[in-house]
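A, B, C, D, E and F are the chain letters, set down in written order, and residue numbers restart from 1 in every chain.
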Amino acid sequence: MKIMIINPNTTASMTEKMAQAARKVAAPGTELIATQPADGPVSIESHFDEAISAIGVLDTIREHQADAYVIACFGDPGLLAARELTAAPVLGIAEAAFHVASMISTRFSVVTTLARTGIIAEHLLDQYGFASHCRKVRATDLPVLALEEDNDSAYEHLYQECLLAQKEDQIGAIVLGCGGMADMAERLTEALGMPVIDGVTAAVKFAEALVGLNCYTSRFGDLAPPPAKPFIGRFEYLSTRA
Amino acid sequence: MKIMIINPNTTASMTEKMAQAARKVAAPGTELIATQPADGPVSIESHFDEAISAIGVLDTIREHQADAYVIACFGDPGLLAARELTAAPVLGIAEAAFHVASMISTRFSVVTTLARTGIIAEHLLDQYGFASHCRKVRATDLPVLALEEDNDSAYEHLYQECLLAQKEDQIGAIVLGCGGMADMAERLTEALGMPVIDGVTAAVKFAEALVGLNCYTSRFGDLAPPPAKPFIGRFEYLSTRA
Amino acid sequence: MKIMIINPNTTASMTEKMAQAARKVAAPGTELIATQPADGPVSIESHFDEAISAIGVLDTIREHQADAYVIACFGDPGLLAARELTAAPVLGIAEAAFHVASMISTRFSVVTTLARTGIIAEHLLDQYGFASHCRKVRATDLPVLALEEDNDSAYEHLYQECLLAQKEDQIGAIVLGCGGMADMAERLTEALGMPVIDGVTAAVKFAEALVGLNCYTSRFGDLAPPPAKPFIGRFEYLSTRA
Amino acid sequence: MKIMIINPNTTASMTEKMAQAARKVAAPGTELIATQPADGPVSIESHFDEAISAIGVLDTIREHQADAYVIACFGDPGLLAARELTAAPVLGIAEAAFHVASMISTRFSVVTTLARTGIIAEHLLDQYGFASHCRKVRATDLPVLALEEDNDSAYEHLYQECLLAQKEDQIGAIVLGCGGMADMAERLTEALGMPVIDGVTAAVKFAEALVGLNCYTSRFGDLAPPPAKPFIGRFEYLSTRA
Amino acid sequence: MKIMIINPNTTASMTEKMAQAARKVAAPGTELIATQPADGPVSIESHFDEAISAIGVLDTIREHQADAYVIACFGDPGLLAARELTAAPVLGIAEAAFHVASMISTRFSVVTTLARTGIIAEHLLDQYGFASHCRKVRATDLPVLALEEDNDSAYEHLYQECLLAQKEDQIGAIVLGCGGMADMAERLTEALGMPVIDGVTAAVKFAEALVGLNCYTSRFGDLAPPPAKPFIGRFEYLSTRA
Amino acid sequence: MKIMIINPNTTASMTEKMAQAARKVAAPGTELIATQPADGPVSIESHFDEAISAIGVLDTIREHQADAYVIACFGDPGLLAARELTAAPVLGIAEAAFHVASMISTRFSVVTTLARTGIIAEHLLDQYGFASHCRKVRATDLPVLALEEDNDSAYEHLYQECLLAQKEDQIGAIVLGCGGMADMAERLTEALGMPVIDGVTAAVKFAEALVGLNCYTSRFGDLAPPPAKPFIGRFEYLSTRA
């Protein structure tokens, strides 16, 4: 079974960090491939960054066969479009983390990077159905790449915000709101004495589960392959014929 | 990894059917144990049956160590209570099926047995957050044990209702609303050309995923072990001391 | 008119306290009978306690004829199952208190015992439709039996939390989140100058109202009597024949 | 105990019909007074009619002391304003009927007069919290006064629509959407074999219940008496001083 | 194009203030007429004041032809009834302000006068669909007429509450919760560096937009003109014939 | 005032059709510019088409100064990202049409092209807050470009579906679910006798309104300009520096 982790931003060190976290939990028979697009932003911290990064995600899926795909940015950029492109299961890491949290706790909080990305998490919580399971979306005001550059300081910020969540939010679990935090979930889980969930590892295990179930993305209805049509200009390579 | 499937009703043939379906999808390293309580109803078709069956589920978890548990009745009887009793992940089959459906389609319908149990599914959809993902809960008016006794006729009823759902509901997937339908999901998936999801197999694979993530049921907050206290009469055996 | 108050826990002193509160408000023609199961937990402070206590509630209803029943624990254990067992109206005390609160205020808060039981209240608010009428579920961290053992200290804790609710929550009323607080509602109402609602008395008066309306629990659809079937083992006594 | 039923329209025969239905269910000690405003529309079939009728309701409450009030039009006109005017409980008949329906069934439908008034019922269901308990708001296209003029034909229309609701809506009870149907609930309940709820009688019994609980409309917060102030012109008589 | 601004309270100075704010933004071809009823409360600070003021609003619309109407009180009194009376667009200022806020921000807060009117804003947010876009309804405890009498002090109170909203609420815009604040939106917008929205000006511009679209209030279905009927007593002048 | 209409697909004839419809309603002082990207799909009929088209929308906004922008595809592709890029108001046509519909009716239906795009409308209805105002999203199964190629036949299909909506959905207005239907709204409005709303014209008039209010897209919080950062590869031109 081949699972492809797609880091939607172009920072290879973050891809590698997420791949390492994923390898620790992957099943023996799982081949993990991690990649990032050749085109796009170095980090994703706005609706704009997300919109651009979706192209890289979709290009990657078109170019690479796999048994399942993981979109490893907490905004799940391009998720529904990706599902149209392939019958292989596609999982977003925000989605996967919310699902896990709802299976082991009744209420959780999200701890993320910049406050401005909180709204993206809120929109996903609404769309996926977890709005009432999430008590609060908390921000650390860490830029995404701070997680790469000064890992210790970033951990400390994250830990302090998680502590606040644990004390104030009446929750049973915490969801980490950035793929770049994948290496910290285990340490935080131990430090806090409560589950702290990383979406990258969660998505990989759910991908294994769906493949193991022979379960594929629905080809019936609104996730069927996009209608064939011409694209022009820079996107001419996306043209399809019926 | 040892996963215990608990059939909350007392009909051993249904347990066996679900175990067979589960074995087909279980990972190589997974040891599957399937059981049903010694005490309780032969099928679960009402709030009353559910309430009684929860006792058998909880007794089973108290008596048997496992790395994860699956509660294999579509009403997920005793689910939150079970999570208080153990740090091992516990999954309900309704819950698991809804999660899978939301990962491979944007909208789904449920096809269940008796119309009266539809309300149980509706309550779970609300509690789990999938109310707006589910277009319709459809009933076949088959009693649960009809699935054991006349499998062919039951399949035909089920197939016809699934066809209606596919034509009328604007959906991408169907969730089967009874553990006793576990042997029919694959055949229906092929016949309809769209994913038909059985919760037993889904729950087993998600249980594997959670165990693989080292993810445990939160011991912090409202799912912590129940406060120690005396029980009296028939339930004295449940007494605990602080 | 005979109304039976069922205390789902096995602590007789709490039954008596609730019966006294109820007698103060019962109509002249109402015969009040208060009882508790012979089997079950001495207090209800977890999903597990609730699941077990439901059996006692259902046994009591099966064994005792009445014109209406009140389930006198704030989690309303076994409520829908109870309604299947009898055409007589059955009211939960959480339910009744929420209904009253919504009739005399636009927004209310709940003040309960242990924080962990808050989630039970939240689930009921969702299911009954009062989620947006409730501003906050507040906990005093009092164990249920502390209400029996040191009533003065318990009152003081409760009063302080109610004061906070009154100051901070922008509410018009408070709902007490435990049947064991039935003796404190009147005193708190006076002390705070705003309605503080006890569910036991509320449920008794609503039971009288429903009986007075000749209104019975629907026998049509999902609350019809449970389908007849065998139960085995310890629960064989519940077997029914069509 | 003195309960005043206020028919918000000016048709005395409808007042009398509702009073008769209420007298059948009132407790021995209850004094029922039924009245209608001297000013306003002869029936209420639009937002406009409702807005005007609210004045009559509020005038009546200001002019008449009672231990509780019932606003006997299914749009509950002036309900929250009425609650500001008096500490005595005030109940709307839509509100009361929805509460009863949710106590004896899990899902219900409303059968009302003109289709255009369905939106008023929908708004109330949302505000009161019963939106997900109501399957469908059904109209008979009967004008309100047709219920006065040709009672037999009106009953037949109503019965046919109730039959449809019973067959198609997966419900356990029906709520009648007009005070003028108060005399038909009992007959329909028998004819259909399921509870058909009239809000007038429901509100009277709930009013008795609230008075019996010594429960008053909150004077704290947003239902406190309106701030004192001058009114001018036709409404000068409403002026108050601090 | 003639747009009529109806101040539902009877305080002419407030009408004039709102008209001035509106004139600043009206298009060249727009004729603005501002008026207030001859009958009603001098300010609107309760459900009761609102109910009475609706009559003045409806009388004004019946008596004056215009191409569009603005109901200039933040509770939007009589809005749906007004829409039944005329095909011309009718806009409430709360409604208009919420719409604007949702077009330029993802989340906003409301800053209003008395805390007791917050519930009116909450009900409108629910009915209009903006409940999840609004983080918080904040009160300044300023009576409405304080905005007329001591404008500087009122501004300062308002500014301080807006500052709190900006710091604490994770919002992108603020909605002012009273028509009497129409003269302060511009100044607050500059002082805070974020959009502060006044509903009066918003409603006027939306009215121009709807008229410019040749868009009229639906005459089909539930907003069709009210059924013809007699009114009696003080309201006889409202009688209509089919 | 310069308003730019951006047709997110690359079909110039559709741009021109939308521009013509917009010019009919634009105010005298409004300069309308309509354009479409040089890169992208010829029509938008899937999540995939939408994701690609967002790039063209964002490029257009970056390259062209205007006082306001209209994104003229019913999926509102790139809307929130666009708002980060400019303080000028940006309106989507789905958004604008829903807002108009909620101002002139209490309930509406959407009539769109392919059934598969219905889910996009549903997601937007949820996000914008209009889910309960919309009775039904109906599809005609017309491909988007059929609206260009055989306009008469397309109109007839559309008309028939609108008729069904009018008869069956208990609505007061219809929203057209594709920018390519902009030329049909007026004719359908007349044919049906109820408002049929086109989002292109609605968005232009709302854009005029927001500009006239001096109202700008919030620069505070989550819609502030995206954090400066490098983009690489094909998207290097998007790089910004702090």
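Descriptive notes on the structure:
Keep this in mind: contacts are C-beta pairs under 8 Å (C-beta built on N, C-alpha and C of every residue); 3 or more make two chains touch, one makes a residue touch a chain.
Quick caveat, the model's predicted, so the values are computed rather than measured.
Of all chains in the assembly, those touching chain B and also chain D are C, F. Looking at B-F alongside A-B, one finds more C-beta pairs in contact between the chains of A-B. Chain A maps onto chain C through a rotation of 120 degrees [Cα fit, steps of 5, range 0 to 180]. Comparing the contact residues of chain E and chain F by number shows a mostly shared set, over half of all numbers used being common to the two copies. The distance from the centre of chain C to the centre of chain F, each centre being the mean of the chain's C-alpha atoms, comes to 51 Å. If each chain is reduced to the centroid of its CA atoms, chain A and chain F end up 29 Å from each other. Chain E has its Cα centroid 43 Å from the Cα centroid of chain A. In chain F, the residues touching two or more other chains are 80, 83, 106-107, 115, 118-119, 126, 131-132, 170, 221-222. In terms of which chains touch, the assembly is arranged in some other way, matching none of the line, ring, star or all-to-all patterns. Looking at which chains touch one another, you get A-B, A-C, A-E, A-F, B-C, B-D, B-F, C-D, C-E, D-E, D-F, E-F. Residue ranges on chain F touching chain D, taken from their complex, read 106-107, 132, 170. Across the complex, chain A is touched by residues 115, 118-119, 126, 131 of chain C.
Within the complex, the chain E residues that touch chain D are 10, 37-43, 45-52, 54-55, 58, 78, 80-81, 83-85, 114-119, 123, 126-127, 143, 221-222, 224, 226-227, 229-235, 238. Note for the complex: chain C touches chain D at residues 25, 27-29, 80, 83, 89, 91, 95, 99-100, 102-107, 128-133, 166, 170-173, 186, 192-195, 197, 201-202, 205-206, 208-210, 212-223.
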